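In structure tokens below, several structures.
Two complexes follow with subunit A in common, the first pairing it with subunit B and the second with subunit C.
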Partner chain A sequence: MTQDNRSGRPQGRPPEGEARLSRVEASLRGPFLLFFVSAVVWLLAASLLAVVASLGLGSLLAPFPDCAWLTYGRVVAVERNLFVYGWGFNAFFAVNLWLLSQLGRFEFRNGWLAALGGVVWNLGLAYGVVRIFAGELNGFALLEMPREVGPVLAVAFLLAAFWPLVAFARRPTGHTFASQWFVVGASFAFPLVYLLAQLMVLWVPASGVVQAVAHSWFVSNVLLLWLGASALAATYYFLAKVLERTIAAYYLAPVAFWTFFLFAGWTGPAALVGSPVPVWVQSAGVVAAAMLLVPVIITALNFHGTLSTQGGWARAWNDTTLRFVSFGAVAFTLFGLLQGLVAFRGPSALLRFTSFGGGIEHLLTYAFATMVLFGAAYFILPRLTGSLWPSAKLVHAHFWGSALGILGCLTAWLFGGWQVGRQLAADATPYAAVLRAESSWFSLLTVSSVLLLVGHAAFALNAFGMILKSSAPTDAGRHD
Partner chain B sequence: MKNLNTLLAGVFAAVALPFGALLLSGQSQLGGLGRAAGEEGGALFPSREPGLAIQGRSVYLSLGCVSCHTQQVRPAGQGSDLARGLGVRPSVARDYVLQPQVLLGDRRIGPDLANYGARKTQIEPEALLTDPASSGAVWHPSYRFVDAGSRTALIAYLKSLRQDYPSPEAKLKK
Partner chain C sequence: MNDRNRHPDHNRPRRGPSGAGSEGPSDGRLVEAHSQLSRDKDEPAEGFSLTPIFIVFLFCAFGFWAGLYLTRNSGGFSAGAFDLDAPKAVVAGGPVAFEPDIAKGEQLFLANCAACHQPTGLGLPGAFPPLAKSAWVAGAEERLIKAILAGLAGEIEVNGAKYNGNMPNIGANLKDAQVAHIATYVRQAWGNAAEPVMDAKVAEVRKAIGNRAQYNPAELLKEHPLESK
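Moving on to the complex of A and B:
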């Protein structure tokens, strides 16, 4: 892979930013803030529902026994949809647009179209979750919303998230950076995956268990090719940008990109080992999950190598953006290693149907993608609003609430899942004893969910305070 | 990496290849699967769901029961499902050919339901739904807000769940 380096800057480093709010940033301030504020509102709603769901698990009785719309099954479905489509998509609409505009020096002239896409996306999502609360859901995670919502979200996505491709096509220089590849890939892959999955699962359902294969394919693609790829793009950018150095072993980044996209789409059936689907389909998923270790190892070399030189870790600890982003970088490596390990038939037989799978998913969606998004927000928002973060204490509350909260959740899911899996594997252990063992982890899950809610509330207070007090976007703010 | 068309073509291939290989090939392999007799001249299985069970399936979906219950029995060597008596044989693809929505599930907070209708010892389902604490199932949430008609349909659906009939594939799987 050759890189055009006519601009004279080192390979593996994004272009230098300007001190003052540039025309590029000013042009995307409106859509960015719309996406970002929507994302944070959905995140707060999802966090609150996560507490309600964990309370239901903790007592093993629904906290609101006579309230049909707060049934555990509906609450977790809404929580997951709000977290992924409300928070994950809106936030990455914003960050991906900002990243590609910065890297491509793209002056955004059609902000109203992106804003329209954002409004339609959020209205579609709101309608969908209301219908789920009303009991009109199906059994396919992340596709629970009524099928008429699908085309609405697809059109809204094209309006809101197609602009990074335009920014890439119109960039003035030949040089490209890893972040651009990952954002372009994510923006192009999601609508294809979403429409095909809608078709095969909801509109013209495939026959029998092929629905389960289609669903597993969809979930792995959404989580890896949208959330994962977008978060990788942001990690590459902010590590190089804030540390002001080139990415270590950057020459391997193109290999990471292609192998990530090549293998991620096949990993879904790894979640179906032992299910009544063809064995060759299961094996394809297992092999792909193992092969995904290639981009995971390369990104580990890129990220941890960059952080391990010239006091990078110390700087990461002292810089708000880097603290979140480096937390996410470590989480992604752990995610890849764990996913590759438990896909094999032995560990899968032990851990399947336990909370372990949920733990691995949250390593990707929260510990990696969400923490990177927080780091990105601490970098971008001051630049767009021209204000400083109002409260350093709230920044600390946010980091510690999020970090301790997700570590607690992961402990409950991963260790709890391991313990329950071992008990389930032992034929002699009565099912009631297994349930008791599982319920002992629910208290930790509840406390951790509350910590996450507190952290998110601190972040929202700080961010909304900053946005409200920003009057004229003329001066650049500092990110820390 | 500088050419947008190359990037898009590569990403398109990365999406299309697994879609074609896993989903379209899977559909090609299993799409024609229908009911079959376990023995020559025997009755065709799986049986068609009674009307009340079809209504009950929509109640099952509406309450989000799939969040906590699976409907699949793994083969020997893949967990202890058979040893625990979740079924007399592993689930096979043919068991699901009549289901408009296949609810395999991926989490067992509660027990598997693939053979709920075939189990001999079980808590009375009406009590499980309305007053789980007194029925001994303290781990199960109460669904007393569900009207009696829907509860009856849900119970009919649960009792229709069974995979204990003979199946050509299950013999091979054993």
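Moving on to the complex of A and C:
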């Protein structure tokens, strides 16, 4: 395998000879492709809107002054919802399903139920997004969609992500691997969190600051316990699988799992430091964000330890899947360290009203979760479609577009946020000067957003080309 | 890396990545090997890794710090503490003005006084004197404050009945504001209708009497005679 990887071609070649799916893979092919294709479509839409939004940030005049539905507030809300619910959820429905059935070695029966969940999910999301464009949005991040979307998404989630759990519970094998723990944990956490947040924020609004506390709890849970936990599952799997070795310090992984799920749910209020929330709630958030360093350190030992032996980094760089996955693994460690540091009252007071928080969030949602998802796609899709990635150039364009794009965005958000925070804290700086300094980062943000869009377009071209190529003559390809 | 740009189709796979055609067994080995790892953790094959013990100490330190941070920065887990600096301002007699609070006074009374004087304020005939409609608690506030701060020991006549009691110096362990809440409550509950007591007055009296033994009721009467009704 090592020799094969040295060639540096996109990995994940189909099995020897003609396309032949294992029964496990054949059983999940339909739902997987449905989830995956819709995820990529939403990702393209989101990255297009991100470019529009960054244009709106950079200029005093809106880029489309006559168009109410392209104003900054709506575009940003739609972009974030599409990125999280459209891309992050659909793509992890697919990858989690694949991980569960591969590791549990079960055939996924009644896959149409999961597919139905995917269809309902996407219809609900599309409806919600249209309503946001129409200007009927709630003022809570990630809960902007009208409240009637909530139950629809919840039911869709149960079909799409819970039905695989039923199959998991009845799997033939006894032993489990870290990836399975994280997938199962994420699938249990989200519906609970989502329903409670819908109730306490939108349907039966809790009074006063309780609403804000519930909302911050919801956001941190969705990002960490769904995107984060699912991406951790994929990282554990692909490192072990592609490098063909066991995870370093694997005996610590259960501790990482339990501490991650214990502390991640409490980190939300750290965003509320300094607001009129009882001070013990704020402190609990700070402590949770700092204690999240425990799973972060353990996963760092697991991931980087596995990569550091026997030339693992070099092999990771030469393997398309691992190049993305190890990028994500490094990003997750960075995210944990930064989040723990910034939660404290001193740094938080400095960075509270800047773009720094957005930077940290993208470190998790893009640099970690999305990059790991791309890596997973490069591994899984060739196996499911039975064909090769059509173009290696597009793979390169994708990696460099995404990697440089997100690095540029992170630079603009993190360094820009830091600079603006320090200027805001200094009494002497006039506010106009602060704004000028801030807007100088917007051009970098625009360029980076375009880079991301280019990368995603390359990925979509490659992936759709492969899926179309395989699905049209798929039976012809199996004539043997 | 130098041949990365070659079109993949140009070299058809000689063989797929191991297990590509047989995902099941390969993933099965992955799961097996790892569950073996987590079962046999005490078997260092070669050398000795310092990581585990270091990690244990580090995580214990994290837990210790978390406890410290929470206790120091939680405002006593009070639902009303919104700001780390607020409690300090009260202690320093800062800008926060004192308001005698009947509700707080009642809570404090129930916790500290009601065991003897009863929640009804009627005391127990023959054992503990009543506070309701008692001339001792109305009138000069110093008399009541001194009784709460230093306690009473000896024969006392309240509302025409004689008691021989021993009241401990409950107030010595309470803050000025708490004593003021209690005194205000006692002076305004059960049909009593005297002026409220401020925490500054309690502080003044506390400073004046210092750390002293219980008052004899007669001695206290000499300092602050009962007002005629």
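Note that in this section the second predicted complex is superposed on the first by the 447 of 480 C-alpha atoms of A that agree within 3 Å, B and C clash if a C-alpha of one lies under 4 Å from a C-alpha of the other, contacts with A are read in each partner's own complex, and residues count from 1 in each chain.
Rule of thumb we're sticking to: contacts are C-beta pairs under 8 Å (C-beta built on N, C-alpha and C of every residue); 3 or more make two chains touch, one makes a residue touch a chain.
The structure presented is a predicted model; accordingly, all values stated were derived computationally and were not measured.
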### Task
Would you check which partner chain A:254 touches, where first means subunit B only, second means subunit C only, and both and neither mean what they say?
both
### Message
Output check: A:176 vs subunit B and subunit C. Expected answer is one of first, second, both, neither. What do you get?
### Response
both
### Message
Under the stated touch criterion, name the partner, subunit B or subunit C, that contacts more residues in subunit A.
### Response
B
### Message
Quick one: is A:389 in contact with subunit B, with subunit C, with both, or with neither? Answer first, second, both or neither.
### Response
second
### Message
Between subunit B and subunit C, whom does A:284 touch in the aligned arrangement: first, second, both, or neither?
### Response
both
### Query
Does the superposition put A:188 against subunit B (first), subunit C (second), both, or neither?
first
### Message
According to the stated criteria, A:136 is in contact with first (subunit B), second (subunit C), both, or neither; which is it?
### Response
first
### Message
According to the stated criteria, A:27 is in contact with first (subunit B), second (subunit C), both, or neither; which is it?
### Response
neither
### Message
Quick check on the superposed pair: does A:301 touch subunit B, subunit C, both, or neither? Answer first, second, both or neither.
### Response
second
### Query
Counting only touches as set out at the top, which of subunit B and subunit C does A:103 meet: first, second, both, neither?
second
### Task
Share the list of subunit A residues that count as touching for subunit B in one structure and for subunit C in the other.
1, 4, 175-176, 254, 276-278, 284, 345
#### Entry: Interface residues, subunit A side, partner subunit B - complex
1, 3-4, 56-57, 60-62, 65-68, 71-74, 76-77, 135-141, 165, 168-169, 174-176, 181, 184-185, 188-189, 192-193, 196, 200, 205-214, 217, 221, 225, 254, 257-258, 261-262, 264-266, 268-269, 271-278, 281, 284, 288, 345, 348-350, 352-355, 357-358, 424-427, 431-432, 435, 438-439
### Task
Would you tell me which residues of subunit A are touching subunit C in their complex?
1, 4-5, 7-16, 20, 22, 24-25, 102-103, 105, 173, 175-178, 237, 240-242, 244, 246-247, 249-254, 276-280, 283-284, 286-287, 290-291, 293-294, 297-298, 301, 317-318, 345, 383, 388-389, 391-393, 396
### Residue numbers on subunit B that touch subunit A, as the complex places them
1-2, 4, 7-8, 10-12, 14-19, 21-23, 26-27, 29-33, 61-68, 70, 72, 74-75, 77-80, 83-84, 90-97, 99-109, 111, 133, 138-146
### Partner subunit A, residues of subunit C touching it in the complex
1, 3-9, 11, 13-18, 20-24, 26-28, 30-35, 37-38, 41, 51, 55, 58-59, 62-63, 65-66, 69-70, 73-75, 77-84
